[in-house]
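Pasting the structures in now, so scroll down.
In the two complexes that follow, chain A is the common piece, with chain B as its partner first and chain C second.
== the complex of A and B ==
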């Protein structure tokens, strides 16, 4: 690793099997370069993602969490991602009360064909987390907005 | 627990940017891992044999394969470990190719990421439980959506194989775009002469039930057992009574109705049979133009019709059909001319589209096959073809090639010369794309034998000058500006997804790309499958392609359905939700959230109410699991414990 390369941070991604996991595969097949911080967990549907997973991850060592599902209306399970959207939006509002900057959590919709969009999402989110820095070495002030 | 870890080099695809030996060495240190190795090609036969042997030799009971995406080979390795006596759900995969080795060049960072990803898979695998499929009966009927050449081929192949077919076509007749074409490249045989007999076969086949002028309204169920709601749109003509005599069409006073079949190159009547070979050959009223609907009085056709088939009160009708598989062949659309202000945006009558020109060339078209300019009905002597009108044009939002325009332009140039021997054709092109069998020879014939002048360059502007249209373009080979005074200009407008394609995809739960074309299971190896079991693709719905390719896919999709239906019973996916009746408090929140209505109330002996999952209906999304306040309903294979095991592997403070 070159000396100037910043140290990796911990980013957890929950990706739905049908769209976003496929989108990440497409980005791979197309050899779209991405930062290496992200660790991907495959779930059947973004609606499977329990907000508690995200809170647990952030409290236990993750510096950022990304959730990605199918585009609204294009859910493999009809409307699992609508449930996801409702829950994840609520979580976003809640995070500041836990003393976590809501910018450390992002959810998005990416289809299996959108490799380029996946690349951009990962790159932007990773950069954002690096800008915020590590969550656990510094004591983050209660950043309730 | 004895976990075996197998790390694949994938030649240099993985080993090139990940130190696979180091990953294996690190895995040997992980508690629970009894065996770890790296191998050149794990998916190869010797690679799979190595897994099977290691399972026996090392008494492994959970297997992790770190290789390509599970979307590629999960099934392969599930079968492998099953052959060695393990439950197939004891397999976990770590995707170290698409998600690691292919997206970064930093070997150290990649190796580190791979080690963690494999550790996550090990943690999950240690929590994996054996799951067992149930078998269920498959309904051996197939729904084909779209009656173009691809859909008809699929329907006929299925029906000839003895399957019952439901064919739903949106427009009043089957045939699709091919029914509009005059001749077809590269043989110049008459399009309707080869398509017509297929259309008749579709109508007469006792295994095919055709719903024309109908659309799929709703789809419920899963592979093997779909319930389809079909909307039969009101035609205002009773098709049981209509004999297709056409008397109504002759007398209808609404003579300026838009002709969808002819793409508006000439008007039609409000009541019409779209073309002479239409199947079914039945009349239909367009209420946007019919005076009875627009003005509230007329009734001419009702008086004329010898069988009394006209019914202005007709309503849409919903019909239900049950099927076990679906083939989607809903074809394509064409970009609107108003996208091209530089070409007049459709305002100049003598600037037309390729498909409109087909109708002018066609003997059963509005000019009976005489090429006449729309403006003054004279024969054009100079015809200019503009290729890539919208295609390969990012400013138009269409970066892709429309696949068949180069070829049909050559065809139309040849036909123009055939029809009007003293005519001269010009073709403005970007590249000539003619890679099919006999195709390149064909485009050469247009130039060498029929004298079409090919100019390499884009057309920047078209404007009227007297009776002529001036076409201004560049000749990029000579580096000069070119101006041609044309009598008629034909734009090869770009192919788009069929109107309504995304909405249909959403009903089918299949993916579509940015442009609305449906996404196949794998770009090379699963060209007609989708990622939704039981749904297959054929023709231009998947992307622009010519007739031979569309027909090929129609047959391919049919053979996939035949293979699926070769068994009487299908195996269900056992990764479904299960309720722990001891912890369920009977709040029934899961019932309200399940998108499939798979959870029902159940009364236990003591009268206590709990949730109960109907296994064959559960699709395995896990929405209920994230809903349940008690963790009582768990999606198998993706339980809280399994996912948290992965989370905890990454997040150790």
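== the complex of A and C ==
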């Protein structure tokens, strides 16, 4: 973990219950080392992730947001991740238009058996966010609701 | 482009609908106001000129129970097509009176030109000139100089859907590639410049929600999540992040649905370019799914559907 700066940043992860949350669990059970900046929010399906969740997180203090669901064709609810893909791609392209670096938001697909892939994703994404640094300056009043 | 032919059509249409929505003169010659006609004697009130700016199609979802005739310009007609795509109206209960349009005025732009003097008279001449009379004298303007931005790139001067047409159809002379030129130009700016731009624009927002109320596609109205307390998406605090969030709600809920009627910008008291983010989204929808809102009733809005293999979406690498 030497490449990660000592100060933790705030990264929010939305993981679907059936695949990616399982993948994160697999990584944990296998005792894979992972950076600790990520706060996981479990959702029933990546299709449950309203793009506004991501915007809200970024506006209210998160430095990065990661969304992960089942691989396309493997959705527990058949097509939730197909809808998610369109919505998340829409946001991915909108963020830079607003002046928010699109690298602060990543979406991907990880299955319950892919503990290693999970470990690599979290590590790489956390590194990416550390390279970008904090999104909000500490003096900024992002007190939220 | 007098309203005579339109009045004839409406006289006929009125026989088998509950109400016809058209324009009548407002408190002065620069302002038109929507009027709801259900008696033949009201037909004389009807006007048609470049001051008829409102998108009257917006009333249709709330009048779903009735049979309604509606007067629409080219741009407004796209609203009807979008409603059809989304199942928000029953097309068989709507009679569309289309008006081929050569452009409307922006009331704000005209008022700026005459220093916000009281309007005594407005005359539209055949060659596109506008004579505006105020106590300070007469000002001659050209329509092109006082049109809203949407008219300068309008591809659909003749309604895309209608049952009756009040004049000869007009062909667009505008280039389709110009529609999103502003979006592409803005994308040429640096991230920091864009951030500063939006912060400056959204900071002026007073969250009056006029933009949302006027938007024909904001059909949730009183159930809008910008105002609900449960869930509490945004608070009543008047700070930039709450204002920003409101605009993200409006934009994202309009993704691939905005018909670019420009009502949001027209009604904003703070002069915020409210339509700009939706145009960016439309630009992307066109690039990703070759989709354009409000043009073909058979189309499906891109966020209402998916392809198993998305041809244009690539996996993002870290």
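By definition in this document, the second predicted complex is superposed on the first by the 132 of 145 C-alpha atoms of A that agree within 3 Å, B and C clash if a C-alpha of one lies under 4 Å from a C-alpha of the other, contacts with A are read in each partner's own complex, and residues count from 1 in each chain.
Methods note: a contact is a pair of C-beta atoms (placed from the backbone, for glycine too) under 8 Å apart; a residue touches a chain by one contact, two chains touch by 3 or more.
In this text the structure is predicted, and so the values were computed from the model without any measurement.
In the superposition on chain A, A:62 contacts chain B only, with no contact to chain C. In the superposed model, A:135 makes contact with neither chain B nor chain C.
Counting the residues of chain A touched by each of chain B and chain C gives the higher count for B. Look at A:125: by the touch rule set out above, it reaches chain C but stays clear of chain B. By the touch criterion stated above, A:21 is placed in contact with chain B alone, chain C being left untouched. Legend: residue contacts after superposition of the two complexes on their common chain; A:110 is shown touching neither chain B nor chain C. Judged by the touch definition given at the top, the superposed model places A:83 against both chain B and chain C. In the overlay built on the shared chain, the residue A:97 is in contact with chain C alone; chain B does not reach it.
Contacts of A:9 after superposition: neither chain B nor chain C is touched.
Legend: residue contacts after superposition of the two complexes on their common chain; A:31 is shown touching chain B, with no touch to chain C.
Across the superposed pair, chain B and chain C both touch chain A at residues 51, 56, 60, 73, 79, 83, 87. Note for the complex: chain A touches chain B at residues 1, 5, 8, 10, 12, 17-19, 21-22, 24-25, 27-29, 31-36, 39-45, 47-51, 53, 56-57, 60-62, 70, 73-80, 83, 87, 111-114, 119, 136.
Contacts from chain A toward chain C in the complex involve residues 51-52, 55-56, 59-60, 72-73, 79, 82-83, 85-87, 89-94, 96-101, 106-108, 121, 124-125, 128, 141-145.
Of all the residues in chain B, the ones that touch chain A in their complex are 69-72, 95, 97-100, 102-106, 108-110, 112-113, 116-117, 120, 502, 505-506, 509, 511-514, 519, 531-532, 575, 593, 595-596, 619-623, 625-627, 635, 638, 640, 643-644, 646-648, 650-653.
Those residues of chain C that touch chain A in the complex are listed here as 186-187, 191-199, 232-235, 237, 239, 241, 244-245, 248-249, 251-252, 255-256, 277, 280-281, 284-285, 288, 302-303, 306-308, 310, 313, 315-316, 318.
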